[in-house]
Amino acid sequence: DKTVDIGVSLEKLQSLADAAHQKFKDDTDGKNADYIPELAKIPSELFGVCIMTVNGDVITVGDVDYSFAIESVSKPFTLSMLLRDDGYEAVLEKIGVEPTGLPFNSVAAVELHKSAVNPLVNAGAMASVSMVDADSPKARFEKILSYFEEFADDDLTVIDSIYESEAATNWHNKGIAWLLDSYGKLYADPDEVCDVYTKQCSIGVTARQLATMGATLANGGQNPKSGKRLLPTDQVPKLLAIMLSCGFYDGSGQWACEAGLPSKTGVGGGIVSVVPGRFAIVGFSPPLDEHGNSVRAQNAIKYIAEELELSLFNGRN
Amino acid sequence: DKTVDIGVSLEKLQSLADAAHQKFKDDTDGKNADYIPELAKIPSELFGVCIMTVNGDVITVGDVDYSFAIESVSKPFTLSMLLRDDGYEAVLEKIGVEPTGLPFNSVAAVELHKSAVNPLVNAGAMASVSMVDADSPKARFEKILSYFEEFADDDLTVIDSIYESEAATNWHNKGIAWLLDSYGKLYADPDEVCDVYTKQCSIGVTARQLATMGATLANGGQNPKSGKRLLPTDQVPKLLAIMLSCGFYDGSGQWACEAGLPSKTGVGGGIVSVVPGRFAIVGFSPPLDEHGNSVRAQNAIKYIAEELELSLFNGRN
Amino acid sequence: DKTVDIGVSLEKLQSLADAAHQKFKDDTDGKNADYIPELAKIPSELFGVCIMTVNGDVITVGDVDYSFAIESVSKPFTLSMLLRDDGYEAVLEKIGVEPTGLPFNSVAAVELHKSAVNPLVNAGAMASVSMVDADSPKARFEKILSYFEEFADDDLTVIDSIYESEAATNWHNKGIAWLLDSYGKLYADPDEVCDVYTKQCSIGVTARQLATMGATLANGGQNPKSGKRLLPTDQVPKLLAIMLSCGFYDGSGQWACEAGLPSKTGVGGGIVSVVPGRFAIVGFSPPLDEHGNSVRAQNAIKYIAEELELSLFNGRN
Amino acid sequence: DKTVDIGVSLEKLQSLADAAHQKFKDDTDGKNADYIPELAKIPSELFGVCIMTVNGDVITVGDVDYSFAIESVSKPFTLSMLLRDDGYEAVLEKIGVEPTGLPFNSVAAVELHKSAVNPLVNAGAMASVSMVDADSPKARFEKILSYFEEFADDDLTVIDSIYESEAATNWHNKGIAWLLDSYGKLYADPDEVCDVYTKQCSIGVTARQLATMGATLANGGQNPKSGKRLLPTDQVPKLLAIMLSCGFYDGSGQWACEAGLPSKTGVGGGIVSVVPGRFAIVGFSPPLDEHGNSVRAQNAIKYIAEELELSLFNGRN
């Protein structure tokens, strides 16, 4: 394999990652998600930044090997399987690709559109899970887990304590799943789908693993470490477009202005941003802002994006 | 000035524009906007495609010199003036930058957010007009017109028959303007703002002129023909991000997937798409699909975008 | 017991019931509910009118002994048990008493208010079921059934074919139940509540039985046949007020204007209207209008109400 | 004229009014409306209760001759003119009669239904004003004022300071008026209608005058003092039904349960309740609860209604 020119040296990337970590590590704004005790317990000072290039080079600083719950950052990767197996048209018809302008768990949006609206809100993420072709809930989850492992090029496991806590309180999601089902827009048993989705959200990833997952998207769907193709190249821009439009829920427009990168955020404190053709940046730190996005992770990614003018809305440089 | 490498030859661009025109000119799907008789009267067979590069080169095919009402395609250019004069933070605070997930004229969205939500729906476009610094409605409109003329590097005039028809039926917009005012999110007299906005929508542009306007955005805010800077470079990505997130109303997510270009559509039949650092593509043809977007213009732009893999969500090529 | 003066002779009531039946029996407007095949199968020509006075006198015409699914007409009777056991304040706090202005199965209303809104929409009816004090789903249902039997002064049974069909398609209700649960506004296990509610809706009643149930409310909570008190007198006006405000869903305002009587309608084709202190009128006929209310039953009740000026909004006569 | 038996002695009514006044006069809960300074300035300790019977007898206690802004209590009286001149069917079709389940000034409700929804929210009250048949705004207002004067059997005047303040801040209503117009559901010029409506709300009434207005409705549409018929008898129940369903906005259901009387409330501190065939009760006191209803007036009316079991949902007594 020849090395791709990613437009910046690894030294520069490392120094920017270091600077971002230094700049924001003492920022104590935000607080851990607390809707389940397990998330509240995670040390708030954890903070890692990891960049993985399309050449497989890796830049790290801070807590990049702490395994946190992937939560909503899982959504684009399940969507990726659908784009691979069913294609964009199926996703468009069966789920939708429009931002909702409403919170991630809005049922009014579901009722209004009689569909999940897009794959990156809870409704659409469960619709995505339900579209995964499998014979049983167990097979469904294992297919997802194994696909995620190929993205991470590493073993991944469910964080049981998180899964058990969330499974005991995922009533709102159950409600959404049954509603979708009543509109004919869930494609497997609602209770099972909700459970598999909850388990998917409880998968533990490190910033390092998540960076590999993101770098696979940056690399046109081919894992830069293993070389395995996980998504056809022509589906990647569609996945990234959905991430840009919907990845930060009702803050997606602002993130598009300020970072300009397809990204996905999760209440576990992780954020992945993709610079197509170049690299992925992952930030991880538990304390969240009022919208549920990691304060330090956002700041670190925005800092690096601004310094390198990474916004897709810049002209080619 | 040195010539920028736009990554494709002018010959190739011309042949793609020709092919797109040939491919879609006989497609009679859609119909003219008919909410005012003046728009319904425009010949449906009109169809032009124009590409203007950041070097000022121009590619044309078909009816590129027919002057049509700019309508909603005007919105990003007024927004441009605010980004120049007030900056992004002011736009974020006074208007907002989030897609609504609802139709372009939704008042429920305005009530829910107690703001205009984003500058590319009617509410936000009027909020934009109201933020233009001027002593009188006349001065306000002339400032806008003159700014648009600098974008087009040409004289522009209001199409009086369109303006008069729309001014006699813009009740919904008046309602929105007064509501915004009641939330403290309109910054000048509602009746006057609504009138200036109506006039702004009635400005006539040709595909050629609109391509120059778009090329100015592709060129980082500097008009490629006149060389005049109309927007600071650092504000351009923000404007383009808003166009990508919100430029096709409740079809913006789908357009981001399928074309992947910051764009703005109008019921006059025009669409402008910006390929940052390279060129702008304009399509014009009156018949609209059920969402109010020109059928032929959409198809032509998507065709060229796909052939050249222009989507911003492709890696650098 | 002394006989109450109900302000009209039984002969007059009989002749009005006969006239109403005659007048509307050949009206073939509307069609049976068809969301489950069992409801679609019921003979459309069935039509009965039954009036039961607070003295226990009964007026009948037509198919008053055909047992049909009580469906939503069950809702006020379960509410009655709550008013008896928990009181109005508990209902106000735990469910709500406001009309929604939205369809009977709206989840947007539930999300907006984070509660069931009122006991006569599906959300509130399930919240009502969940408030019934019982140790098991079986006990819960039997308590409801037995209370309904005391209202009807007769044995009642579930129509199994209806129950089975509805149980296989009550996904939307399951969605609502889980949502309510997520807002802390369902007071028992959602799946079980939804099942008991479905069974409650499948209880078979005849027009004659339903008229006894209604007459118990007209009689201040005391069954005019058995003499048993089923609801304290002071809670009856509250129940009837809720029926007037919410009993016809998003057509409640119009029904209040045109009939002026507390009423409840169901997709099984039954409607019960209460004339406090005097009698209850029941109409039954399967074909429904576009709002889901029996065409013939509405017309018959309105006819009798107009002839006798029964609207509560008339002055005392 | 023979005297109607109102089912209670005047002595009893007086003693209940006195008791209600005594019981609540020291309750300092709530605060004056403050969206315009003029309303905030009115002495908070003002408190009057007035009952006018269908025989023209009057019971008073406290500040019954202080002239306060009628505000939303005006709405049913303008509606009365429409019911007289155009009839119920016209009101049903052109305005609607359903409770919205949403706040009095909701535009989402208007957008959802593409109509004013009911005559007692702001949208519907402006639609009502627009339906008044008149050649000019001046004539329109004078027709309304003169009709109100016939209801009050007294001269009425606009409180100029209130009118001027409200006219300078009625932007939200202007927005609603233009929206209605855009849906074809306003029947005169929006700006003029909004102004006439604002003036109508600024008409000063005393509790004594308002009680006469209410007693005219209690008396089947005939003024008990002047003997003039202001509304055909058969339209009165429809007006009262709308007042019961919609008169307390999104608290109408609760008021129906707790007072059980057709009523209308206004931010000026007045509430009128109608006991059909018997009398009207007016309470007036400026401090409002969080829903915008006079605390003391509500309590006084509920107290009297409970003591005399006036709820329409009681059986005849």
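Structural remarks
Chains: A, B, C and D, in written order; residue numbering restarts at 1 for each.
Heads up, the rule we're going with is that contacts are C-beta pairs under 8 Å (C-beta built on N, C-alpha and C of every residue); 3 or more make two chains touch, one makes a residue touch a chain.
On a predicted model such as this, the values are computed, not experimentally measured, just so you know.
Taken over every residue number at the interface, the positions common to chain C and chain D amount to over half, indicating a same-residue contact.
Centroid to centroid, with C-alpha atoms defining each point, chain B and chain C lie 55 Å apart. Per-chain Cα centroids separate chain A from chain B by 32 Å. The set of chain C residues that touch two or more partner chains is empty. Of all possible chain pairings, those that touch are A-B, A-C, B-D, C-D. Those residues of chain C that touch chain A in the shared complex are 106-108, 110-112, 171-172, 174-182, 190.
Residue ranges of chain C in contact with chain D, taken from their complex: 7, 54, 88, 92, 96-102, 109, 117-118, 218-220, 236-238, 240-242, 244-246, 250-254, 256-258, 260, 262, 276-278, 311-317.
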